[in-house]
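One structure, as structure tokens, below. Some questions next.
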Amino acid sequence: MRVRHLVPGRALVIALPMLFLLLFFLAPFFIVGKISVSEMETVTFKPVLTVVDGILTLKLKLANYAFLAADDLYLKTYLSSIQYAAATTALCLLVGYPFAYFMARARPAVQPALVMLVMLPFWTSFLLRVYAWRGLLAEGGWVADIIVGTGLDGLLLQLGLISAPGKLMHTPFSLVIGMSYTYLPFMVLPLYASLAKMDLRLLEAAADLGATPWVAFWRVTVPLSRAGIIAGSMLVFIPCIGEFVIPELLGGPETLMIGRVIWDEFFSNNDWPMASTVAVVMVLLIIVPLAVFSKYQAEAQEAAR
Amino acid sequence: MAQNEAPVHAVPAGEADGAEDGAFLRIDDLVKEFGGYRAVDHVSVDIAKGEIFALLGPSGCGKSTLLRMLAGFEVPTSGRILLDGRDLASAPPYERPINMMFQSYALFPHLSVWENIAFGLKREGRPKAEIADRVEAMLKLVQLGRFAQRKPHQLSGGQQQRVALARSLARQPQLLLLDEPLGALDKKLREQTQIELVNIIEQVGVTCVMVTHDQEEAMTMAQRIAVMREGRFLQVGAPGDLYETPGSRFVADFIGNVNLMDGTLDVDAADHCVIGCGDVRHYVGHGITGTQGMAVTVALRPEKVLIGREPPQDTSHNAVRATVKEKSYFGSFTVYHLSLPSGAMLKASAANVARWRDDEITWGETVWASWSPTAQVVLTQ
Amino acid sequence: MRLGTSATFNRRFGIGWMLAAYAFLYVPIFALVLYSFNDSPLPNVWRGFTLRWYAALVRDAELMSGLWLSLQIAFLTACGSVVLGTLAAFALVKYRRFPGRTLFSGMVSAPLVMPEVVVGLSLLLMLVSVQRALGFPERGLGTIWLGHLLLGMAYATVVIQSRLQAMPPQLEEAAMDLGARPHQVFWLVTLPTIAQGLASAWLLTFTISLDDVVLSAFLSGPGSTTMPLVIFSRARLGLNPSVNAVATVVIAIVAVGVLLASWLIARSEQRRQAELAAAAHA
């Protein structure tokens, strides 16, 4: 639609949010980059760009990056963060897809209620719900009792998800459960939106052409819900990589997550340049999925036009 | 007579002079380009005050773009629009004395019927009492007084349309624009609404330009129609003129049903001509401007073709022996698809004037098809 | 396992899966609420019913002041996010081409997925640099608000954008045709039509701000501890029944709010359907 005569205010409408974002979202990233290559001088930073003997000198301290590359622990942490994020995404997809599917196929009258019931936990504090899992997985907690009682903890031990039988807290298991729990609505809702939009007559056509329900599901429904799968996966995967609160409350010494590293470098070690370095590398790590997500968002907007 | 060139300035029938400055709405050489694509291609027409004028054409012909330029939603690439002598130039929609009734009605969902109609009046800054009077008058005009407090979603489609009409007439515009006014209604409602709509517009006396792709709608409602194609006006005229005297193959084919037969001008005389089209020889009762031997097309409407078992008086011209290949029954009339000896098809339609006939013409029968020497239109383009 | 070989199996499997998933979602909440009434400082050992943790809540100065601060910030965040979100949504929906559109679109949606530690860290470092150069701002309510605004704006834009896109453009054209100037079109037609989206965006960003831990941690200053930060530090130390009590209160308020809103929406939808049916027969 050509909004010719709404043009006068146009510059302002775009400029205000654009400036806000440039100033408080984009600019800070450059500052982080700068600090990651700065020398820390007790409480201030030595300037990166100085004039020495009349010559403009660029003094970059790349030692942090070198340290990062050399130190095994950082590398392992990045890797492990991605692994946990991937595991969480997979679990959310596994649990969430059938959930969203059956929600979308339920009676139309019931669907809004079902959606609301999924949203309701999302509206209550996520911090408190994560905290609730501490209670559930601690010794004597309900879920812990069930798992120990059914002997499932033996299986978890074998898989390496816990390190001692009966002790479910502060393990990879508790971390993944906690993250999947928190991020499940982020997976279910885009999937539901995508599946609900699907024209059911396509399944009828597939059946008419000889496809069994199972085949129709994999060849028609799943491909058509691709947009929802991508959106949901990105909404879970990317934030999970940098998660802090859940690893802190439900993770343990062996669950290395990069979010905690940044936090510790900043708050415990007071090493701002190091924290910045770790953050810069993390951003570089997620740039590709971030671009995928951004492109999907833009395309979804265009399609909705 | 054949029309050899598309009219440049179509003058309203009944206007004695050439309408230099007398035209109420003058569209002067209007062009609209989007990127490299020309949606409206040098269109000009004069429209008289109080006239109902239709823009008719297939989708993509530019009629909606032209309408939007009149409304002010598009700015012309070149050309002028003069309303009552005043050049509208690129005045924004809210500064034009023009109002539009949208195809989707575009009623404000959060306002009641009363508020919808009052919306335009409030923008004019009229005193409250005056607005109230005017809204009441509009409600009375479209007979929706009972529904004043309802919201749009509480009304049926036909009622919503009447609100849209009332809203667009409230400000007493100098020009009323209708965008596919009957598109959203079902057939039965459409017929009734057509008449009602025209009555209201004539009662108010406002000049009206409407856009439609439905030729029946245009012919029933408009006093003059412009047939558009690919951004240009092909022909402008009263419905009867367009139907019985089309100026081109496209217009002949677009409006109603027609038989188009290509042939050559065999005899070219002052008061008659003969055109040979395969196994049909046309005797046309008037002369045309042309040269002997030139290629022409003869347009013949199916209802002008009479079919019967007995041969007509003169079987050498305007008659042919044909076999009934298909019969399409429409209730009030039947269309016969006749197969000529050469294999060409000829359509003939006949009204079913009697309820039952023992001598019904059936499939496979061989009959005589004939028509009068004034039934054809000779086309050169 | 053959999925959906028969309709009844499909339906039973579906219901079963959904019940299990809902149980997964709600059991932690239920456990939280239950143990807030537990008369024992030891978790998971039920000793009796008590309300003393709730009584202690009111006397808990740290928590109460945190709550007050969080409410203020949440309110400001919600208001600011709706304003910025409306502007951004407008820019993205109405103006198809403008310089920097891809960058703008990317920046608006990035906070949705960007890990909060990165956003918090970068914003803080920038604010510190600014403070060194200009002398202000001091870290506190204002800086926390800024961080929450970034996040809230992203969410608000998504919600408002979908509402805006669903609005037929003819409505605005009709308004202009009837004599409304551009700003009048916005206030009289556009805004009322997207009103529901604005309300949803407000509630959503309010909730997100109220619940935020990481951004608040990075951007807060001495004396500006938000409620989630208080809860977080307590939760880190171990299980604490006072946290259960807070949780139950929050859950109760949210549950009532959401259920009320849903009921109202369902009722107005019912009424609307009845009116439509009545009109069709009129």
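All chains are identified by letter, namely A, B and C, in their written order; residue positions are counted from 1 within each chain.
Quick note on the criterion: a residue touches a chain if its C-beta (ideal position, glycine included) is under 8 Å from a C-beta of that chain, and two chains touch if they have at least 3 such contacts.
Computed from a predicted model, the values in this text were never measured in an experiment.
In terms of C-beta pairs in contact, the better-connected of the chain pairs B-C and A-C is A-C.
Centroid distances built from C-alpha atoms place B farthest away from subunit A.
In terms of Cα centroid distance from the overall Cα mean, chain C ranks first. Between the Cα centres of subunit A and subunit B there is a gap of 60 Å.
Measuring from the averaged C-alpha position of subunit B to that of subunit C gives a distance of 55 Å.
Averaged Cα coordinates give subunit A a centre that lies 17 Å from the centre of subunit C.
Those residues of subunit B in touch with two or more other chains are numbered 72-73, 92-94.
Touching two or more other chains at once are residues 5 of subunit A.
Multi-chain contact residues of subunit C, defined as those touching 2 or more other chains: 173, 176. Across the complex, subunit A meets subunit C through its residues 1, 3, 5-6, 8-10, 13-14, 16-18, 20-22, 24-29, 31-32, 35, 44, 95-96, 98-99, 101-103, 105-106, 112-114, 116-121, 123-129, 131-136, 138-143, 181, 184-185, 212-214, 217, 234-235, 238-239, 241-245, 248-249, 259, 262-263, 266-267, 272, 275-276, 279, 282-283, 286, 290, 293-294, 297-298, 301, 304-305. The residues of subunit C lying in touch with subunit A in their complex are 2-5, 10, 14-15, 17-18, 21-22, 24-29, 31-32, 35, 43-45, 84, 87-88, 90-95, 98, 100, 102, 104-119, 121-123, 125-126, 129, 132, 146, 149-150, 153, 161-162, 165, 169, 172-173, 176, 182-183, 185, 207, 210-211, 213-214, 217-218, 228, 231-232, 235-236, 239, 243, 246-247, 250-251, 254-255, 257-258, 262, 265-266.
Chain contact summary for the complex, subunit B toward subunit C: residues 71-73, 92-94, 98-100, 102, 104, 106, 108-110, 119-120, 123-124, 150, 153-156, 159, 167-168, 171.
Interface residues of subunit C, counted against subunit B in their complex, comprise 168, 170-171, 173-181, 184, 188-189, 192-193, 195, 272, 275-276, 278-280, 282.
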